[in-house]
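Structures for review follow.
Both of the next two complexes hold subunit A, though its partner changes from subunit B to subunit C.
On to the complex of A and B.
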């Protein structure tokens, strides 16, 4: 396991030698190529389909590109006064703010659960573990009823608040804090006169950083992909995230044609930020998954 | 909530009035408060899914600074009703105004989601609508649950170039339709005059409505379910026969494949409704100028009967704190000549107001610009719509339709079309009983 975790930082020369030593198996490569095709084919389809206009979409060859990508983007941008870009912005707010606050809450709770002893800690952690097992989908309707009582449905808060606390994030943070922060360091900080919050922000957070990136990414992707919660909570389509907005374009009812080209172009544009985010944070993600696997 | 719902449901129609009466008691206090809030500006939210409804509402907002209406666009009728029912159960979060499809009104009424508008002056709009549309918003009672907004009289669209080439005329009867379907499919085996769509229960309901069916009925305190009536059986066995023979297609409408087939001339006819041109323009833009619109083929030659597919009304929800102002807006939206014209030309719907044909619907829709009598045909189709009663569990009947008829259409067996109908009947009846309604 340790070898795997350190492979990425091996010097280039070592890697070349290893490459010579182990000849790639044709069978393995074929399986991997099959996997690549399986994963990329739908993406290629989206890219090709988004270059077609409405009448070409279902009549020309599936993987033949056309020339209407720009027209489609312009049409999508003009749809009801740029509503699509508002949906993108909303998604960024829900996923960005939600994941950031959720990571902070997870770090704080995980740190406390890992480094403090207090009565009821086992119970709290047990309930938390049960929370990991409950899919967030089945909580959406109860959450609607709760938020309706304080009149917060159909607001940004109704989508943000339920997603701030992630049992899985707290669980990960606890595991990570227990492994990455030596108790001696925390005690040394206390001896030096640091307050508990100072210790947390100045000592614990930097040590937990790689784990927090993982929690951030998990939660970001979870909120980005969440459909049911915003679908139930929101009535005003100016508050919609991209998932609910695009699904609405396809379900216009029988009297209006489904806006396929707009939805496909929208889907293409909506994965761009995710790709950028993954490329930017990929390093942390990989290192941490391996490290987590060793230490958990 | 569940108990309250059941108790209300038990006594059926009479109870429908009671439930709303119970729900409108806060409303009447709202009315007295309303007097004070009349002086200040009021904000109303309106859930609607008709395209460009916000632009129609802008006309109202410009001339009525005291009552500002905000449109929240919804994703079609089903999604909006689900959300509204959740908000009603939660006790807050519902809009003031709601675009409600006719078939959803009984469901909404039995959930206590709508205010009775009869005390707010809705009766004064009665003369603007056909008896059928009015019956759909009153459910035959003295209450008025909504004001009709648009209707969807069914119409038949066909490729006139294909018909001309084969020497066919627009079918006057369903026998003619069956013959034309056979001729077209024989001449070119890739072409079909139409498809039997197991994905569109509203479409099938409209076809049985034309044949004289009414799937639900209300008598005294109880509901009747009559989905497998002789009229419905006639329609099911007719379509089952065409599918079994293979002269019409058996795949659902509104799929990408169906869109493509319309566009490449593989589907050369469409049994649809008055709003069809918008869909054709979106899906089959290439074929503009090749289509003609006609009234539906008839069961008896020379008769003039029709069904409805689609159409909706505007209702005030039980949670609205300003029902009087909401009613003022509804009356303007659905009967004022300026508004009705905007509904037809900006929101592209077929207004329920009977005066619309003279004032608002003067030029044919763009996709049918070479058929100048389009709206005369539509008016004839609209006048012929037969009475039909929807029940409080339309969703159950509709999903039973989708399940049972999808299998029948795939099997291409006429007999299975009839058994699909009886399975709809039993599913719908037992659901009504289980929900606590009295069923005769």
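On to the complex of A and C.
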């Protein structure tokens, strides 16, 4: 409305307009940076704190670094014969293998639900979609009692198996399959005589690949994050993932404060690989919950 | 949409179509088998089992000694009645409700604000900010509770340090009055980045010529955000809100991890903590099952809306 009055010289309008729209806003940037400070505060703290020894932890200024990082890592490594690294390995197994198999199951189911017409399709999808709403945490306790009856609790299986099914993964896979795989391509493969599984592995999977990476990441983080399931299922601390292990260590720290440095150093070491994974795969975090389906 | 509208086919065609139909039905179900089996074993069966357990109870005869004195009997809705009447359960539900009232508006409010700022052409350092604010999502709830837990300790907290320098009294955030905010802060910290990315993704999907016109008319960035961008991302906001409600109802890891550092968190601080305690500390799986079912039903009621929105928006045109 007022543009013409303020910028009367017509040829310059485009430049002026963009210049106005893109003029840096110190206020907006400052708010963003405040958010950054808030989000990085605990991360910076854990980096600093893991360089301190037990007495410095509670006596020197919180964000003042010290020189004991290596000592702490050595001490943590020696704790009960390298138990910490076993926890890291277990976490990698649970999250890595679990997310890989889960993505494959999701991809297959999502592909079928998107590209096949068969009786009962709506019912199957509807039931699966209800599964999205069932918090996996609520399932953990009955899963424990069911697995206890076949003697599977306190094993790797008890943490791996329940997390292979991801209704949300199937839901996302269906969206990706519907958007990324043209039906003619599937039809053409069928006419050529390719088996359904061959079509899936050779044609569907490569076309869905970027979406599958997103599903993998989601499930990886979900398993890595899941505390209650391993907390309930496992009694043997050699099977613990890092979260349950560190939480137990913190619990003992209430009586043995020397363990606090180990907990803090362990916390730092445990988030480093995940942060690297995040930064490396950043472009796959396209999380469009509401309208994911419409983009082809 | 397949066979319903077609007229009766000739015999030879009918035979081929029958074979076709069989493969058309069997093949998809065979391919869905892994998903269906896992779903039945690890979602449907546990749910059914919980319902069955919730309707039973242990009956003790005599002094409760000897192998035959304890038997499992049908209890009807007794466990549900007990759960609902249990003041501890009521208190934990109320607590989670208040907790959600703190967490959800603040988390989504900040997520929306940051997403709009990232999307604004006038902000600087957006790439760095986006990564930094999203980073907490990579930190598991247990680890973030652990980090914040230490930062809450008066001997470690930088805020207490600052307050001491300025000679201002500081309240103990791990005390009984403020511990709710201490837990809420951890959830907000962990969730802002993820929700910001969700909202930001849907902001990026808006074609920019929509507000190019508004800019030509002299609208400010704030007006564009308020009048155009926010209304367009409302579906994303509804979605994130409902996911947040589901997550709030099952809060467990944060308070459980914080417990060693404070006396203000009881073993039944949240409904799920109470279920855990009943099932594993008190060995009363029957009432724990009833409480689980109540939590699940509560979750379902609250997320029913979610299902409708998702189905209409994502699949309305496809089926």
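In this section, the second predicted complex is superposed on the first by the 259 of 296 C-alpha atoms of A that agree within 3 Å, B and C clash if a C-alpha of one lies under 4 Å from a C-alpha of the other, contacts with A are read in each partner's own complex, and residues count from 1 in each chain.
In the analysis below, a residue touches a chain if its C-beta (ideal position, glycine included) is under 8 Å from a C-beta of that chain, and two chains touch if they have at least 3 such contacts.
Nothing here was measured: the structure is a model prediction, and the numbers come from that model.
Of the two partner chains placed around the shared chain by superposition, neither subunit B nor subunit C is touched by A:208. In the superposition on chain A, A:63 contacts subunit C only, with no contact to subunit B.
After overlaying the two complexes on the shared chain, residue contacts for A:181 are found with neither subunit B nor subunit C.
The larger set of touched subunit A residues comes from C, when the choice is between subunit B and subunit C.
With both structures placed on the common chain, the touch criterion links A:148 to subunit B but leaves subunit C unconnected. In the superposed model, A:257 lies in contact with subunit B only, and not with subunit C. When the shared chain is aligned, subunit B comes close enough to touch A:55, but subunit C does not. Of the two partner chains, neither subunit B nor subunit C is touched by A:172. In the superposed model, A:39 makes contact with subunit C only, not with subunit B.
Of the two partner chains placed around the shared chain by superposition, subunit B is the only one that A:235 touches, whereas subunit C remains out of contact. In the three-chain superposition model, subunit A touches both subunit B and subunit C at residues 57-59, 141, 145, 231-232, 247, 251, 253-254, 260.
Considering their complex, residues 54-55, 57-59, 80, 141, 144-145, 148-149, 151, 153-154, 231-232, 235-237, 247-248, 251-260 of subunit A touch subunit B. Taken together, the subunit C residues at the contact with subunit A in this complex read 1-2, 24-25, 27-29, 31-32, 34-36, 38-39, 41-43, 45-47, 49-50, 53, 110, 113-114, 117-118, 120-126, 128-129, 131-144, 146-151, 153, 155-158, 161, 189, 192-194, 197-198, 201-202, 205, 215-218, 221, 235-236, 238-240, 243, 246-247, 249-250, 252-253, 256-257, 260-261, 272, 275-276, 279-280, 285, 288-289, 292, 295-296, 299-300, 303, 306-307, 309-311, 313-315, 318-319.
Those residues of subunit A lying in contact with subunit C across their complex are 1-3, 6, 17, 21-25, 28-29, 31-33, 35-36, 38-43, 45-46, 49, 57-59, 61-63, 105-106, 108-109, 111-113, 116-119, 121-122, 124, 127-131, 133-135, 137-139, 141-143, 145-146, 161-162, 164-165, 167, 170, 175, 178, 196-197, 200, 221, 224-225, 227-228, 231-232, 243-244, 246-247, 250-251, 253-254, 260, 263-264, 267, 270-271, 274-275, 277-279, 282, 285-293, 295. Here subunit B touches subunit A in the complex through residues 45, 47, 49, 51, 72-79, 83, 86-87, 89-93, 95, 152, 200, 202-203, 254, 256-257, 259-260, 263-264, 273, 275, 278-279, 281-283, 285-286, 309-310, 349, going by the rule given at the top.
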